[in-house]
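Chain IDs A, B and C follow the sequence of writing; residue 1 opens each chain.
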């Protein structure tokens, strides 16, 4: 951990300081946990009231926030507290630089090329012909297959598996337990049962992709699986063979995308959503959490529910569904009037409608 | 495997023996697989009829169970057969004690302190400054980050990853492939795309937590992710950054909990349930399998469905939904009477209602 | 990669050649990516129109396909293009044979028996008394417990974990990060909280089972978890303790099956489906993606939705649900006529039905 003064915080965050600029801050903490040596922050207006009870030494707030600071608390007013935090956090918590070099226990296949500024951790295994870029870091016990390309500044955390032929663009981050390039799920029924369709395509991640812990992205069966530049994928996500995921897509935890589906740039897939194979999700589309997407989604559309529909329609239907018991009462009341007394009980009434 | 006589079983289980106390039992098996040398058990009344066909030497049953034993089968009557089993199984199947010591191939960073009674397996990697408690067991190829605290009697199975700064209370059990303390999923949009929000909080498990295989629990972004004492988490579960999970919570397989959500003591989350971020699930609440929880849940409440509602309401709505085709018929019948013949066909009828 | 002539392709695929048999092909590619040196394929009629724009040298098509080949493209007509592909791909992309032998860094426990034709990769750890069959391949850093049986021709990819006592039949393929035989999720409440029920059963896979990346199959609590011959399991699937999965079952990604459930031969479970514990899914049954199966499913039945129902019924109900807002309008129209003007507004109308 490093230290910054409140004035330095204001300068780095391009903000305006209110209060004591000489105050020394040695970390960032949420309002309720912060002490006098902490910088805290409020990113949303609904949390403004909590500032009052905080013991933080200083707080990042939006320029236009109407907040009353407790006595002695400094404030740094910025355009966007979250962006300011993203800039400040690496300064408060600098990463321990990894010493370049290949650990004595790492096993490198023939023809592996590791840049001199790269780090290969203990017990890592790297297959024949793989290339590791400048400043790349390969974590302990990570297994990299044959013929992989690992771009500059890539970080592979411990226990990652890359199957043969995986390509990672610059600055990709792959978290522990992610499996890139495993065989897709393809079989052909034959007399003996299910015969495995050989999976011979590649798994390609463009630059700046982040892949969460224990996520799996299968190789293409024939042709490749591709994830576009800047896309962020959370933990335990499944991306099937031959998917084409666009740029700057956000895929939240436990989403599953079946094979050969295309997802457009800037789309957002909510947690646990499931997406059918061989369909297309347009650029900028938003898929609600747990949605079941069975068909194409237009660019820019928001869909939710099962089967996924335009979100407004889904909400309207949902409201109608939850009002159903009331609706049944209303129908029964009408039946009583129109059909007479005998219609009161539900079984009788349904007998009536089946009858005549 | 060890052997116990029926009389010893009765004594250990604090039960009453019916039949031959000298019978030697050398294992436990389900009714349909048990042979004369096995102890079997019946935990629920609906399985009582199956006792008759079993070849088990002896059976654990509830004191008040009305069961007819086949000739030659002994019974041990206990208050709670499952509790009795939990006590007996470790005696029938004693764990092979791990020999204390650090395997010659383990890589320990500077300042690592391993208790003399602890075991560190082959190819384990432990980062600088980490402390490993008494009798703790670190499985083969497990990677432990820097500055972690591993309590007494903790078991880390093979292939676990702890990122830096993870704390595990006493007696925690972490299954293979679990990832504790990976970065949370946080980005800030900026001109270049999505900028990573540095994740600097910790991942803390209190005592007696069990974590299933391939489960992921992210570190806090700012502030910590905390799992309370005695909580049990199944396989492939995702717990997002800054969640606060209470004590003795049960989280079934494939549940996903988004960031900053709080779950109260003793809550139960059914398999594949998804929980929104920044909400609160009260103590003792029960969330149904596959439920989608989008808002706070009161303490003690039972919710289900998508979006999750009180379970009784959800059931009522569900019943109404499945009766809908019938309801449509009833409405059509009324329309026929009230509006006349032309209303019979659905399209015509809907034309009518849109029309006037 | 190997090369085949178009004539050789026709002979191996038992197909009929149209065009130049001497054409040399050095790989397989999708229509839109293929060049003159590639074999391409069309498995479904709806893709026939795309042949025209392809630059592939040759294409596999169904015998009865009505397609117009672009000038210079050869065709091989076969009964089933996918089956033909399954036969051809291993010839175009032969697997690099693994050199038999135990890597110098592998750690083998006492009494381990490895067939002389088997391969054990770098840093693999194999527990006491385990047997590894002929031509089996144990990937880098895979951990195999004590007393396991690994059949002939089994492939364990890197980073697999087998707990103690796991049995794998011949030709099983287990992908990276799969965890076989971890403890099931069983606890007994007692005064101190939740007491762990010891899990002492085994995890058994019969021959020809494939297990996807990061999938978990727990050991039985008492008695075994068994997966039948020829069953194929995708990534990130969870199979609970004591499940009995039949033969040639297909389990798509992210499915969860709770403990003690039985799945019959040839059943198909769609992605993200969740299956209750202690139930039975009949042979040949089909469970839709994301379905929530709460009760037994008959052999041959198709079910979908939550809670899962016969698929036709589910579709009918779904249609009715999405027509609900319209239905509400129709009801309101009737109320206006039957009850008079005051019924027009929804609140008034519902007041009416609650009232009388």
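The rule is simple: contacts are C-beta pairs under 8 Å (C-beta built on N, C-alpha and C of every residue); 3 or more make two chains touch, one makes a residue touch a chain.
Heads up on the chains, UniProt names are A, B, C = UDP-3-O-acylglucosamine N-acyltransferase.
A quick note: this is a predicted structure, and the numbers were derived from the prediction, not measured.
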Shared interface numbering between chain B and chain A [over half = same, under half = different]: different
Cα superposition angle of chain B on its copy chain C, in degrees to the nearest 5: 120
Chain centre separation in whole Å, for chain B relative to chain A (CA means): 24
Junction residues of chain A, two or more chains touched: 123, 141, 159, 177, 214, 236, 254, 272, 290, 306, 321, 324, 327, 331, 334, 338
Chain A contact footprint on chain C (complex, rising order): 28-30, 33, 41, 80, 82-83, 85-86, 89-90, 92-93, 96, 105, 121-123, 139-141, 157-159, 173, 175-177, 208, 210, 212-214, 229-230, 232, 234-236, 247-248, 250, 252-254, 271-272, 289-290, 305-306, 318, 321-322, 324-325, 327-328, 331, 334-335, 338-339, 349-350, 352-354, 356
Residues of chain B defined as touching chain A within the complex: 107, 123, 125, 141, 143, 146, 159, 161, 163, 177, 179, 182-183, 185, 187-188, 190, 192-198, 200, 214, 216, 218, 222-223, 236, 238, 240, 254, 256, 258, 272, 274, 276, 290, 292, 306-307, 309, 313, 316-317, 320-321, 323-324, 326-327, 329-334, 337-338
